[in-house]
Amino acid sequence: MASANVLGPELVDSEQSSGRADSSERSAFWWYLARKIITALISLLVVLVIGFVLFTIMPQNPVESIARASGKPMDAAQLAALRKSLGLDEPIWQRFGIYVWHSITLHLGYSYGYNQSVASLVLPRIGPTLLLTGLSTLISIVLGLWLGSKAGWRPGRWLDRIASGTSLVFWSVPTFWLGIILLIVLGTGVGPIPTLFPSGGMTTPGFNGGPVGTVLDVAWHLALPCVTLVLVVFAQYVTIMRSSLIDELGNPYLLTARAKGLRDDDVLRKHALPNALLPTVTVIFLQIGGLISGAITVETVFSWPGLGLLTYNALKIPDLELLQGTFVMFSASIIAMNLVADLLYRVIDPRVRAQ
Amino acid sequence: MTAATQVPSPNQSVINRGTPPRTQALRNFGSAYVRNTWGMIGLVVLLAFTIMALTAPVWIHDSDLSAAAATGPLLAPPQHGYPLGTDQPGRSVLLLLIYGSRPSLAIGVIATVATVVIGAAIGLIAGHYQGIVSNLLMRVTDWFIALPGLPLAISLSVVLGQGPVSITIAIAITSWTGAARLVRAQTLAVEARPYIERARALGAGNTQIMIRHVLPNVMPLILVSSTLTVAGAILSETTLTFLGLGNPTDVSWGSMINQAFTQGAITAGAWWYVLPPGLAIVVVVLGFTLVGRAVEAILNPRMVNR
Amino acid sequence: MSLLDVEDLAVTYQTGGDEVRAVRGVDFNLEPGQTLGIAGESGSGKSTTVLSLLRLLPASASVAGTVRFKGEDLAQAKWSRIRAVRWAEASVVFQGAMSALNPVRTIGEQIREPILLHEKVGKREARARTAELLDSVGVSAQRAAAYPHELSGGQRQRVMIAMALACKPELIIADEPTTALDVIVQAQILGLLTDLVAESSIGMIMISHDLSVLSSVCDRLAVMYAGKIIEIGPSKQLITEPQHPYTKALAGAFPTIGDPASRLAPSGLAGDPPDLRGDLVGCPFEPRCPVSMEQCRTTEVTLWPAGPERESACLRVLP
Amino acid sequence: MTSTERVVTDEATNRPVLEVHDVSVTFPGRRGRRPARAVDGVNLTVGSGEIVALIGESGCGKSTLARVLVGLIKPTAGAVSYRSEPLGYRAAALKEYRRHVQLVLQDPAAALNPRQNVFDAVAEGLRLHGERQNLTGRVHTAMEQAGLRPVENYLARYPHELSGGQQQRVVIAGALALDPGVIVADEPVSSLDASVRGEILKLILDLRDQLGLSALVVSHDLGLAWNIADRVAVMYLGRIVEVGTVEEVLLSPKHPYTKSLIAAVASAGRAPHPLLTGEPPDPTRIPSGCRFHPRCPLRAEAGERGDICVSTPLPILAADTGQRQVACHLA
Amino acid sequence: MVGAGTKAAADTPKSSTLTVVAATQMSAFNPFFSYADGELYVESMLYPALTYNDKNNEPAPYLATKWTTSPDGLTWTFDIRKGLKWSDGQPLTAKDIAWTYNLVMTNTQAATANGTYVENIASVSAPNDTTFIVKTKTKQANLLYESIPVVPEHVWKSKVSNLKAYNAIPTASEPVVSYGPYTFESFKTTYATLKANKNFVLGAPKYDTLISQYFSSTDAAVNALKTGQIQEDGLLTATQYKALANTPGITTYREEPSGWEAIEVNSGAKTKSGKSIGTGNPLLADPTIRKAIALGIDRQTLVTKILDGLGAPGAGYVPSGYPQWAWQPTASEKIGFDPAKANQLLDQAGYKKGSDGYRTDPKTGKPLSFRFGIHSDESDDASIAQYFVPWMKAIGIKMTVQPMSFAQLNANLAKGDWDLLMDGWSTGPDPTYLFSIQTCGVLPDDKGQGGNTDAFYCNPAYDKLYAQQQTQIDQNARAATMRKMQDILYNANADIILYYGDGLVAVRTDKTNYITGKADAQGVYPLQSAFYNWTHASPVTAKAASSSSNKGTVIGIVVGVVVILIVLGVIFGLRRRRTAGDRE
């Protein structure tokens, strides 16, 4: 076309500049990645320091605690030996060194409440916690985003009212209380409602039903804690999704999409959602802390054998090294999630990518 | 000249108000708020609970709360004289419930004030001044965000010794980051607006810009965020108390549920001991949330347009 | 048969208890290959008018009247039919391409989308078409993988135009396609549009508040005020000899350089546009009209002939 | 009325109110980007009671120069002086300076704090400068001067309750309240409606006539210069390339860039025909020699004679004369 | 069996499982490190000992069939059973026993949990496979009560180098080698599964499987009991006990107390050399004040209100669950609830009440105001404080309650930084250790280290009796000495025993015979021995009951599956709609 010729010289120019932008963009990404990882490592170090300070400045006498908790006689020599074996006689900086080393090697110190390395307590409980939080998050995300997008797409309609109302109420419910109530109603059976779910644990002791049976059995135990966590967490996702979608509603690109002849739900799915998801994704990742809080109380209420229950039990003694270990684990997972969120955001949002 | 001959439309009111009263904005806000049904419901709920909490000591005596002086039947369902039944030592659950609002509300509000003051100050400074100060503040905020809320609060309570003071501190320390981030983001947004440039061009300095332009525009957000923070703080307080980090001799909603939980009231089917404190928490938290959302809806011009 | 025949179009917005009557009875028609410009100040109902053609208005708007597109009344058509017409037969170039393009999808994807939607073509062919289209508007085809924010304002507007041409429509609606652009870029885009329309005999409706821009591009011009067309006619005549006082004011707003009459004498129009809520009695322009008469307050003014192919809605124009 | 005013202006040009000398602004490049030389050597004067239009395409540094004039950006080189007093960048000096030189921004809706009503917006400058006596009176005066009449109707309104033209009047009234000597207006009408545009321009012209106010008006719109300016400076990529009276520059442009700008303006029956191609130039990569040479149509025609454009930089146009000046090797 | 619902029951109709509530959280089953009951009970099924405590909590033959003591009382000779085999088929002999004892005596790590049991042992030997000889340093009366768990030498020899790291949990490659009524099948963070050893020498267990399951909330456990998921719960609260009383299929039992709750009074914290330490209020050194405090406490009310009547007011130091040692004051000696007398005593001692109702010390002018430390995680502590504070106010003594964590409380205790503390102990059948913490020997050294005292109590007369009972092999004579010691402690009022709480047990008697012994006149059963009960409990013969819980189970599984299906359906539905949208 005629106009193309007119515009000729400019094209060359812009292509060149775009080529340059590409390579610089790639190096910028590595730069960004390196920076983020370093930041995360620094955060981790800060967390380690905070953890150490918290659990070392605490007025403590773990040796006496063990002696008394054991209910068994111990003489002075034994107590001294215990002190030594716990490394309590070393100077602080040395203990910090050991502690950092233990954290790096995932040894995480020694629980004097359980007489085991914290790692051997923590590691087998990561699985159940991941299962519980992972599945609840997944369900919450699917449910929350789905409901949130439906509600936000047509704000003010009955679906929106119901979704917003429900999420508000569930947001206000203390997790542990909701768990207790569900346990009473569905785990014990109230009035005409029969006992539907087990009262705790992750599997039926002594039950052996092959792989399918085991999966069903775990699912059966998972139901109540999972539902509790979902109810509390999904409410937040509904709210976030709804409001970020509402933020997108007025945007002209949606009008463009409609003008192209797209069906309403395609406009939502192909255009509005990808944009509304951007802020939502970050928030979901940033809310991992809330999920951890939820897991601690839910696991406590339902005897779910995960890190949360471990924390609760450690808190009762309090088993400081164990608390420290779980604290570091939780913090590390949050830092990791933040890192993932940052990177993910960069991957999914081209605008950020360019910066 | 045309500019000079511009005529006022006849129906415009020609009342000389002199210096326009600043209370006008407040009055507008008030009338808009009154029209917000859910906001009003939330407000009424909160007022009711506040009045209840404040006046509780006047008509609930120590003897009503003392297990030793309790005269009621032990863990009995609702009955005459005990509208919500009794707890294990035979105290009236209703009176405990009313009195229990005090620590929950007090801790919630105090922790929020601390949270918001710290968060707003840091967010405002980090947003207004560019450079090292801002970067450093944001780093610190990031570090704190990386700390898991409940475990940190647990640790702090363990370290600081149990009780309401530790819980308050723990909540404030774990939640100011949210406010700081929010305020900083909003400050940055406001600072990018041309009216800030106009103010600078008119001769305003840093402090004047922050106080005259940024703060008033950030304030509503702070207000909204603080009502939501109270809601969160109350939930945190009850959770920490439930986990046994409160003062077990205090009467509070969290400790009521904790006692019901540890004493086995659930087995006994003592719903009157488990349900009311939980529902009270839900209602109060909901109240704060509703008020927060109503304020947000009124103050956020974007939402007004919709 | 006209490409487009609009009769007695009226649009009312429902906002918080109020009814905003944004468009109050608009008639016009467009022949194939012809270009119509619509001018008017902000809020006069230009966008509402053109968006209602393809029923692109929000749910709060209710539309009355007939919109006959190639003989078919779109106002009565089924939604599925409307969706089929959209873009395949009539496409839109929006103002502010930055926000009219989806920020998280590449421009290639966005151009391909209507092709894949409306035509039975494979991905490969759609890609090829995209490259051609980009080429035809002077953007390198390699940039198909770019995101909107990676392009300059002028390039984005070109992408919008390429997108509008994607399904070879018979009608293009351009809503202020150059408003946010720089003088030089605006000139380029206008040149591009004129060339494209001239070559492919596409019908075009173009909106602007700049009469001189419209008159340079369009065959015919309609001027809107308060939801009505108050003057319509061949563009050159309309701008050189405006008959409606409002058209006069608009024409004077952008001076011709070298014209001594406008040197150090900017011409403007005092007052505000009328409130579109509720009925307007008499000529809506009357409060701001420098030549208003007593009858103007009460007499309903409608378009009437004011010369060859010209119509105007002013009592003073009446022979 | 036109002739008498012209006389005033001509006299006044000799006593410059606002001057910039060899001003450059370089924005540091971030994260590996090059620095942007947004303003790269500019001399300009605004005479007493004179309206100067600064014209150029997007990104050529107009707004940056305007901000330098108001003291919002400290130039990396060069100086600004008001009534021959060089501007200092201490807080107190700046504050004092800002009583005299006021800024009017492009988008009045955004330039007004949505939480301030009209009174507060107009009184803001006075309050900032501690002039609290007769505050109400001065606000009233300023508003009347800006054509917001009757004042009482507007005082308590909030920005969103005003039309665009009214909002811009409020901004102007806020500037007027401090009795400034100069107004720097950055695209004062480009976000306003066509019909309102003329009104605001008329207001600026009237203020010059009635109050003797000088003004620098930044725009990409040549028609605006024709409508209100006495002199016009055409800017390209951080430099002024042509300066002179409006008639001189617009009716007989000498610089090829000015010519292109004029050609780009649409007018009845004539499609704008762009002599220039391409997007706005990039201040991070300023070409050698004459900075316009890569896009220059004249150089293309000139053949060998045009080599000088690539090799030899042009001198910066001087500020002191009211004379016509052109920065072109070939003109 | 329960999760399996009908299916498992149909498959293996004869298989029987006893599921009980674990007393504590469990994590590892290395007997050299275990303190907590939850683990100890399981280990007692796996690692044999010379003797076991029978249903009357008296030592009974286990590995040893009989034993003789040399005339000087220093040498014990045990006859070890013949023909026992570890679970891997290797013979279990006296060599294993001697090896285990030697390990605990020589390896500090191995001594962690059981070291004190061998403190007084000079040497052990196994001259042949059926003889095991212990030589003690001094006469040791409680040797039979303190037999330590024996592990197979051939397995544990290789673990000795890093004993701590071995959790003794079976894995696929390495089953746990044991000998006992049950063998170790598996452990899953909250429960341990054991399989019956049908060749167990003391009689084969009646159940095929034994499961000990931990519940983090007592209500969850009760719930599990109600729904038939478990058969025994011995950790009931009073509320739960009452609530379960009339549940069909469930029988509730009160069991003699094995422990007490007490208020410790700091009568003057001192080190071994007599140096005063800590911040304790010196006024509490006055026996009058301590006695007045004891008089001001209404123990019966505490029993009624806090235990719901399920316990007895405190007096003697040994809990009433061990009648062989227990002691009660005579009527004349008894310090009952008598605030009037308390007031009178204090008045006489010159502590005058001020206008605020609190007394002051006439010598220093300081008020009688004390700190009262309680465990913040013990709801009973908080409840007791609510009674205690007003009672003390009634006799003019001011108490400030300080809730503290377990560790904090203990730290303060060791440093002597306290006035009064809540305290609770329970003991096994041999109370030696419980008595030891009231001797001067466990006071800290001058650095404040190494102490193990309960209330900084130190009385040479008491210490003498303590040493005496350690050597009294004649258990009746020993009991008499212990009673004298308890008398001394009672009158010192340093450990004011408030009450003994009954053990509260609920059993699915429709499914299992579990409880041993006969109730006394008050309906209280003797203290139950986990080892005895787990070995001897038997299933109730076929009565197809639990259908309701099975129905619930099935519905539960169905609901769970449906929920998962719905979620999957939504995900899938969204996917399907997408393709539909593309086609259109």
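A few comments on the model shown:
To keep things simple, chains are lettered A, B, C, D and E as they appear, and every chain counts its residues starting from 1.
Convention: contacts are C-beta pairs under 8 Å (C-beta built on N, C-alpha and C of every residue); 3 or more make two chains touch, one makes a residue touch a chain.
Here is each chain with its UniProt name: A, B = ABC transporter permease; C = Dipeptide/oligopeptide/nickel ABC transporter ATP-binding protein; D = Peptide ABC transporter ATP-binding protein.
Model, not experiment: these values are computed from the prediction.
Geometrically, the chain at the heart of the complex, using CA-atom means, is A. The highest number of C-beta contact pairs joins the chains A-E. Averaged C-alpha coordinates put the centre of chain B at 50 Å from the centre of chain C. Each chain gets one centre point, the mean of its Cα atoms, and the points for chain B and chain E are 45 Å apart. Each chain gets one centre point, the mean of its Cα atoms, and the points for chain C and chain E are 87 Å apart.
Residues of chain D in contact with two or more other chains: 199, 202, 274, 277, 279. Along chain B, residues 2-3, 6, 158, 244-245, 261, 266, 269 each make contact with two or more other chains. Within chain E, residues 217, 219, 223, 226, 377, 405, 408 each touch two or more of the remaining chains.
On the side of chain B, the complex with chain A involves touching residues 142-143, 145-152, 154-156, 158-159, 231, 235, 238-239, 242-245, 257, 261, 266, 269, 271, 274-275, 277-278, 281-283, 285-286, 289-290, 293, 306.
Listing the residues of chain A that touch chain B in their complex gives 39, 43-44, 46-47, 50-51, 54-55, 57-58, 155, 168-169, 171-178, 180-181, 183-184, 188, 246, 249-250, 286, 289-290, 292-293, 296-297, 300, 311-312, 315-316, 318, 320, 323, 326-327, 330-331, 333-335, 338.
Residue ranges of chain E in contact with chain B, taken from their complex: 217-219, 222-223, 226, 236-240, 242-244, 301, 305-306, 308, 374, 376-379, 381-383, 385-387, 390-391, 401, 403-405, 408. Taken in their complex, chain A has these residues touching chain C: 1-4, 6-8, 10-11, 14-15, 18, 21, 251-253, 255-263, 270-271, 274-275, 278, 348-351, 354.
Residue ranges on chain B touching chain E, taken from their complex, read 66-70, 74-75, 88-90, 158, 161-163, 244-249, 258-259, 261-270.
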